[in-house]
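There are two complexes below, and they share subunit A, which is joined by subunit B in the first and by subunit C in the second.
Moving on to the complex of A and B:
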């Protein structure tokens, strides 16, 4: 009766196989291999989409499996992006500054270099001082640690406060949204230490690899995103398929019953909330170097709501559903908003999809909720039933 | 004989309504007890207090050989101390199989990291099968709990309690919505369980209580009105006036 993890979770094999095939095909068709059918900018779009799939999977674990409708997971995603962005921006600016100062007759002091870097980075917000939070910005290792620690500790502290006071359901959603909004508003301030609404930019340039073409950089990030997504999928499939999965699904379906069985529900929620926040941060750290820029608008509550919409459309409570939802909706969204969809001329009015896409998305969300509660993932159930 | 659970002088008020009023009630380590009483007598609130869901305004709840107070402990701590509870409505995890339901209830360490690393063992499987046997669901282990009949769900929930290996089982209306044959079987399960532990059954159905054939406590307006054998309490004039009279009217 002891069946192996993979035998119990056939979707893991399928998911990894399709992801691997997709990665290989895209790499072959990219400019790096010389074929060049897929442009570098589209490689970046695909790489970013993989990161969105990963953050959608974290959302599915926390919401679809554990029943916590968090409207804060895109904030954790953004924090991961800021953490890596700080190093990317600092290290690159440092190289540029040292290079330009090297031409001078008198060698610059360390303080002069530091001032010049500060000026370059914080000039836009009228400052040149390095805020305290940039203390570790010169160390890639420490900033990578921040990618994990900052979302993790924030989720741990916030979740501890929220779950111990037994806040559940829609009130918890409002609380997480308030956290997200507070974070975004804070980052919008010029003296937040993260360049206010300018955000961090130039993140697509990897310090020290200026001679490496973007085509190569983009394919490296694309593959890294694919590996992260695959690893994240296996990791969460492992969590939700064992006894842990039974308990967290139990919490979703009947929290009181789980308490009276002797499980400390609060600790389980905290575990799920924190682990998913950390993975969301990692996804963000892979996403923003591909996007090139991060600003507080990315963290705004609406982004976390979109995340919930993706998961709902893709199918809650199944990991591949979340990934499909995120990939499908975000790609369709960029097709519509990027002018890919032809405008519809009704004679008296022209439907411009850049404006109307959100309305269409809203209706799709309502329709899925009402008529296809299992989302796109539910189609697989139908296929399976036809086969058997 | 020392008591397993001693509730004394407990009162609790909700928005000015005194749900439990100076309630004192004791249970021995191995006994079957029925609690009856009209709606609003405080039966469910009593269970809420013992299981840690509701904090009383005053009074003490003393548990076990070590005489520890249950007040201030969380629901999960109390459950781990050995108090299991069955809800009025059958409350099982409908999306999961009977086996998964029982596996979750099985007495084992409950910490998140232990659970995360949990491996299925032959011993646990045997324990699950033993419980399934007791509740007559041996053939349904792989079924999804949501597909079970109402009576089977009640049994599954009782089975989950048994799997917890509690020293005290609080069972809220186990026979509600059951056919006569199902009731008979439920009586057997509860009587069997009460041989080695305390089983407290809250029930409305007098016929079912008669079949349990045990000591009966009548609650009324949040305190004990009468206690003794079923014949003893049903011949009590106050009990007839406040409860039986109303039921027969």
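Moving on to the complex of A and C:
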């Protein structure tokens, strides 16, 4: 008998309810509502964390449900950030340039404005020409399209090549890692057209809304991130439930058997890989305006491995686990590295957490893999079992 | 001091000759004004006379003159050399060397300027070429090679026959050949000299040939008959329209363009009633509007007229643009072109060999970094993301040993086995504590070992700091093996290559010829069957993993000698190492060799195509590897049969 989607997945209702409550509470406590208990910078941290939760969920779908350990999803996240960052940077520079040229005796020609913008943006890498990939940078709509298209097409092309030739398991992981490394190395070049090592900056300023205070901008992005996370959660919960979800999970558990049952495994894999890449790109497009800066270092392979770490700590194969893992590890991480954790004095040596946090994280990660393969999400199973 | 003695000796020997021939002072007196106030042009006559006299006093005089130590006594106009300055100046007679005193205000100093002093130096060179002291002869030859002047050809050729030192003689002959190619009197002599240079790939010969073939760009209505034209430039293909016009302007054959900034400035200067030349200011936001207003201004004589595009293209079309050789004789430039072509062929060949050596050494570095992984990942199937950190541990072991053992050779000899022992221990500990529990979950092995990797990296950072630590190689590994001016390979790279070969042999021996290797292969192929044959799989896995890790440690010492030791050095190699193993083919040491060779040669090849950008080379190489995996998913050397089953 067919039950409704929500009745099958009570966790979806719980997750949305908690997320909505959290969003409302944070908004009320923010500076915008006048209470001001939570600072603007912390709102940004929370908003960024929600975006990381979303990309962690995509990672969970592709790894925890479909069994593809992709070490490239943070690259898709970064591509989304670059795509929106190009518009933010171009539009803002254009406004500044037009404003500064307006004071002159005669109006400027289009070529003069374009040259001045090019100088502003690319002067740092010793160029003033607009590279080809900036063709659409003046259009918000087209760049938003890029946020979806570029990660989607890249994932489609890469996935088609990889799944078609039956590259699986750790080989696929290494291959995706190679893809990520290639992308990062490409972006590190000064003549990549994306300002090389400098990356794109000043993304926290929204063009045309200079009078709007950052407190308001941050809360808008926070709410947008929460909505995206909620929508993404429902979407992926729907995908992984039902018949398609069963096929996907079947691929994870025994790929050969699913082939023999007559399913085109590579099509399912390609679908999951591409869709998750697109959502990762959207998450990145929401994340980087809150972070304010994006550079190629963010895309380096290690970031994608950390993504896998979050999902593993949170608990694979359950969407809320990935979100919890991402939120928990990234918040605890910033607490430790930001100097929030008290140093421990052992008498002969003082443990400073800014130095020792990564050691702790590394070893606790080994411990989680060895002793709690279900991660934090596994705790919910224990609770459920006690209730029943 | 020696020089003074030999000078005195020379003077003493020549004193009797002075009595019945022209003295040196006499020659100077005939050129009194030129010696006192030498000019760049007039000095030539003096120098020629002094050299032609053949007097031995000429050398010390020229040296003193160059060093501004020659004065004239005002009372009788005679020249002297200053020996010591003080209240009264001590002078030396130029012919006899006798010392005498003079008041400072009775003397006028000869102050040759820089150009004159160079000319004096050139004249001195021909004496130094036959100097008994080989150091001075070598210095003279080097001075000629630096200046490459026409006047040096004859003295250099004259000095060749008497040269006792065979090596220096060889150098002189080479140098004379190059000078002859540039400056010999007869065209045939020059062509012969140029032909002799053909195929020589040293940098200085190539410089000579390029100098012969140096060109200037020129523009004229028609090509002049006496020009030795190298190439007629086609506008549009060889040079752009705007470049061509810029050359016309530079040659004053066409009026200069009015730059956009000038147009703008002229417009701004002539705004009246919100209009410029009848055009409203708000319409000046386009080039067309600006030109309209500016042309009106120009017609009124308020600004220089704009050069219209039609005028520009007409002017360009009416002229010929070409490059001409500075050397006027076409026969010589033809010969030089032929010689340079032969030389360039040789250079290209040598560069290819050099590139091959570079690629070989890069391949051996990749091989060293990946060979440990070939065992743990390739043979055992364990993804060890901390492999790079074992390389780092080995390198830091070398660094620590060097802190205690100051002798570099000895410290390397100690460090190699110690690094093996330490990383072997670390590998065994890791296998026992972590990997053993994850043999059936390969993806989780990847993540757990990644956790160890970041912990080890941060530990190294905490212990050794973030700055790069040096691992100094022994002196006998410094320097490079030079085959010619193009092909060179540093000894340290040769050492790494040899080490890679040794590793290959050792690992092949261990895997194929020892009891341990047999058991390792048995366990990896079928652990259950191996166990029932009395092999303890746990022990074998532990030892194999330890072996792979230990080899990574030794590789770390070698890589540390070649690159800097930092906490992140392992991370730099890990992705490449995995790709090396995957491309080569998992489960096969030969495959790793093939993978490392492919990646090393590929990377150098791409770098050669685009030498300015190693980042781009790496990017393209990774893209190539991703595509390669599509067509050979099992790698270059794929296992067949049962061993290939997953």
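Note that the second predicted complex is superposed on the first by the 388 of 388 C-alpha atoms of A that agree within 3 Å, B and C clash if a C-alpha of one lies under 4 Å from a C-alpha of the other, contacts with A are read in each partner's own complex, and residues count from 1 in each chain.
FYI, a contact is a pair of C-beta atoms (placed from the backbone, for glycine too) under 8 Å apart; a residue touches a chain by one contact, two chains touch by 3 or more.
Small disclaimer: the values here were computed from a predicted structure and weren't measured.
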Touched partner set for A:254, first subunit B, second subunit C, both or neither: first
Touched partner set for A:324, first subunit B, second subunit C, both or neither: neither
Which partner reaches more residues of subunit A (counting touched residues only), subunit B or subunit C: C
Touching partner for A:88 - first (subunit B), second (subunit C), both, neither: neither
Partner chain(s) touched by A:169 [first = subunit B, second = subunit C, both, neither]: second
Touched partner set for A:182, first subunit B, second subunit C, both or neither: second
Interface residues of subunit A shared between complexes with subunit B and subunit C: none
Residue ranges of subunit A in contact with subunit C within the complex: 63, 69, 104-111, 158, 161-162, 164-167, 169-171, 173-175, 177-179, 181-182, 185-186, 188-189, 191, 301-302, 305, 308-309, 312, 355-366, 369-370, 373
Of subunit B, residues touching subunit A in the complex: 51, 53, 74-77, 79-80, 84-85, 87, 91-96, 100, 103-105, 110-112, 115-116, 118, 120, 125, 160, 164
In the complex with subunit A, residue positions of subunit C that touch it: 264, 267-268, 271, 276, 281-282, 284-287, 290, 383, 385, 434, 437-438, 441-444, 446-448, 450-459, 461-462, 571, 575, 578-579, 582, 613, 615-616, 618-619, 622-623, 625-627, 629-631, 633, 646
Of subunit A, residues touching subunit B in the complex: 1-2, 239, 242-244, 246-247, 249-250, 253-254, 256-257, 259-265, 267-268, 271
